[in-house]
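Pasting the structures here.
First chain A sits with chain B, and in the next complex the same chain sits with chain C.
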Partner chain A sequence: MTYFADVAALARKDILLELRSRDTLPAMLLFVVSALVVFHFSLPSEASATASTGLLWIALLFTALLGLGRAFTAEREQRVLDGLVLAPCDRSAIWLAKCLGVLVFLGVAEAVALPAYGLFFEPVGWELVAAILLANLGLAAVGTLLAAMAAASRARELLLPLLFLPLVIPVVVGGVGATVVDDPGRYLGFLALYDLIFAILSWASFEYVVVE
Partner chain B sequence: MGSETGRVTVISARGLGRRFGSKRVLRDLDLEVRSGEVLLVTGPNGSGKSTLLALMAGLLAPTEGELEVDLPRGRIGYLAHESLVYKELTALENLDLYGRLYHVPERRETIGALLERFGLWDARHQRVGSFSRGMQQRLALCRVLLHGPELLLLDEPHSSLDADASSLVDVLLSELAGQTTMAVATHDPNRVQRLATQSLVLA
Partner chain C sequence: MSLSNNRAVLLAAAASMLLVAGLALALFWAPEDADQGFSQRIFYIHVPIALTAYACFGWGAWKALRLLWTRESRYDLESYTAVHMGLIFGILTLVTGSIWAKISWGVWWTWSERQLTLFLVLFLFYCAYFMLRFSVEPGPRRANLSAVYALFGVALIPVSFLAIRLAENFIHPVVFTRDGPQMSGSMFVVFCVCLAAMLALFASLYTNELTGKRLDARLRELREALE
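What follows is the complex of A and B.
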């Protein structure tokens, strides 16, 4: 139970930091809505539903990237990550708490993005919602680990997208697949498997990322 | 490892060295610090004082030799150049977070007592970003002492402090000397010299 108490304390801190600074969420909201507006005007009116779904996934992916790029900003200042790493709590608790924060921010951004997508493009079906919920887990799990790695680097702005985008290609494949085929079960299962594998890998390897 | 005084070895280094790329900061350092001892570390800028303390804290790994610290990380208090606290949180929120992570018993009372002692009680609800450098240093000292560490690694503990706060740190170090093992890196050795059981001058 101590582990989850540590996670709760760290996650609460992340939400509190965002409520105070309002650095990340407003930027994510503005970006995702702006991207959908741009796609709306740039996509030909006779374009297929598959094309608009693909563009939605691109918008969501880059919105996640925007949030992840700031995920460890507060920890970089004043080297707070060193302070957290020295605490006797399991270091994976830092990853899990940060993951939960990223999930909350992504969820809020998508709560705004999906109605906008429905307005500009196609009605939102349950397959899309299910695919996005599953994709969020994978994006947050992998993204948080990579954001921690990038935060320790001087070239963090370059490193994060270079590592993140190739690793989340399966999420895009699964997400788009689940939304455009008649039977989305296979793709949703694929997304769930991706989440499971990468969540375990990220959880287990976080300690080695934050400690030299 | 014990000794004739019954004190156990807390820190031992053999041939310890650390490189950053091609730059060698520490080389061939042998060291043994027993429980309750105070190690004074001095030397010019860039001589490796902060690196040595970060190695002892476990934040850096040696590139040469061996370093053993015979305490779990939860029993170590590390004061760095930076305060290691969130600027967007208040002093109280920062200490509460660390208190939870270190599982400090009677957290609120301990935090209150430390804030009172370091003259930060009235500023407890202020965000750390609005603190002066000296106030941040005092808060960092509260953070370091919060969990009652058995080993204190203090990098320039008097840095940015005014005369009153510096005197308070002197009193505190005097109180802790003998009970708590300490490694203190400083440019002002006169303040710590009387407590030190060992001195290490890095070149």
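What follows is the complex of A and C.
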């Protein structure tokens, strides 16, 4: 039980920090809306509805990337990570808490992005919402681990998209597939499978990323 | 030292003999494909290279797992060398696949070719592996980060394969199905010789590269000790 108490305390710290400093979330919200507006002008007027779905997924991916890029900033600049690693808690709790924080930020960004998408482009169906909820889990799980990796490197912000994008191609396939086909079950199942595999892998390997 | 030297020489000899034999068999002995004619013979090069690339990535991930398990630093270099070789074989797969696509379908690139698309994803993924490695100071941390990333690679291969299959329509000739390989006996023999040749080539390159990298590391240590 102490494990989940640790996770809750660490996640609370991240969310409290964001509520007080408002560093990341406003940037994510503004970015996702600006991206959608840019996409409106980049689509020719005769483009189909499926094209705008694809663009929505790109917007969400880059918004997630924006948030993940800042996920470990405080840990690195204030050397919090060293303290956390020394604390008598399981290291994977740090990953899980950070994941929860990222999930909350992503959820808030999407709560703004989806109505905006519905307003500017197409109405939002339940498949899209289900696919986004499932995709969030995978994006947060993989993204948090890769953000910790990128934070340990010299290139930092430059490296994260390079590590992140090839790994989340399956998420885009599952997400876009679930929204454009008539029978989204297979694609949603695939997203759940992706979440499961990569969440377990990230959870198990986070310790090696933060400890020498 | 002489033992490992002998092994390297033996591997190199086996690889070159098998390569010559495989190429000769593929070009002169294997029966002509009824549909595709002579150009189908690139299959004996393209597919073994692709399978060898998978073997390299798998070997690299295995060594990465050993590193995380035992924390012995020698596995870092072994994993890195295997992934390095895998990337080279992966690029060769892209090139030979592209040539085959040009001959068969008249285009240099087609997204409906599943293996080719998968190798493009893997190419990007493992290029990022090198970016990661070159951007972290050498030491246990770099070894750990590279190992975790290499492990993600072998998880990504089947997941991406599934994703591409889901994303796709099929125009690629499917040679291996659930009922086993769809080719005649002599074709299968040639294919196996070529696959053995590529695997031996990988083993030989891997051994040589590893020896060279170990020598480099040793030399650097000695230099530092002298200064």
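As a convention for this text, the second predicted complex is superposed on the first by the 212 of 212 C-alpha atoms of A that agree within 3 Å, B and C clash if a C-alpha of one lies under 4 Å from a C-alpha of the other, contacts with A are read in each partner's own complex, and residues count from 1 in each chain.
Keep this in mind: a contact is a pair of C-beta atoms (placed from the backbone, for glycine too) under 8 Å apart; a residue touches a chain by one contact, two chains touch by 3 or more.
Remember, predicted model here, so these are calculated numbers, not experimental data.
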| item | value |
| --- | --- |
| Which superposed partner A:Cys89 touches (first chain B, second chain C, both, neither) | first |
| Partner chain in contact with A:Glu77 - chain B first, chain C second, else both or neither | first |
| Partner chain in contact with A:Leu16 - chain B first, chain C second, else both or neither | first |
| First (chain B), second (chain C), both or neither touched by A:Leu163 | second |
| Doubly contacted residues of chain A, that is, touched by chain B and again by chain C | 211-212 |
| Complex contact set, residues of chain A against chain B | 2, 5-6, 9-10, 13, 16-17, 20-21, 74, 77-80, 82-89, 211-212 |
| Footprint of chain A on chain C - complex, ascending | 68, 121-122, 124-125, 127-128, 131-132, 135-137, 139-141, 144-145, 147-149, 151-152, 155-156, 159-160, 162-164, 166-167 |
| Chain A residues within the chain C interface of the complex | 145, 149, 152-155, 159, 162-163, 165-167, 169-170, 173-174, 177, 186-187, 190, 193-194, 197-198, 201, 205, 208-209, 211-212 |
| Residue ranges of chain B touching chain A (in the complex, touch as defined) | 57-61, 72-74, 76, 78, 80, 82-89, 93, 97-98, 100-103, 127, 143 |
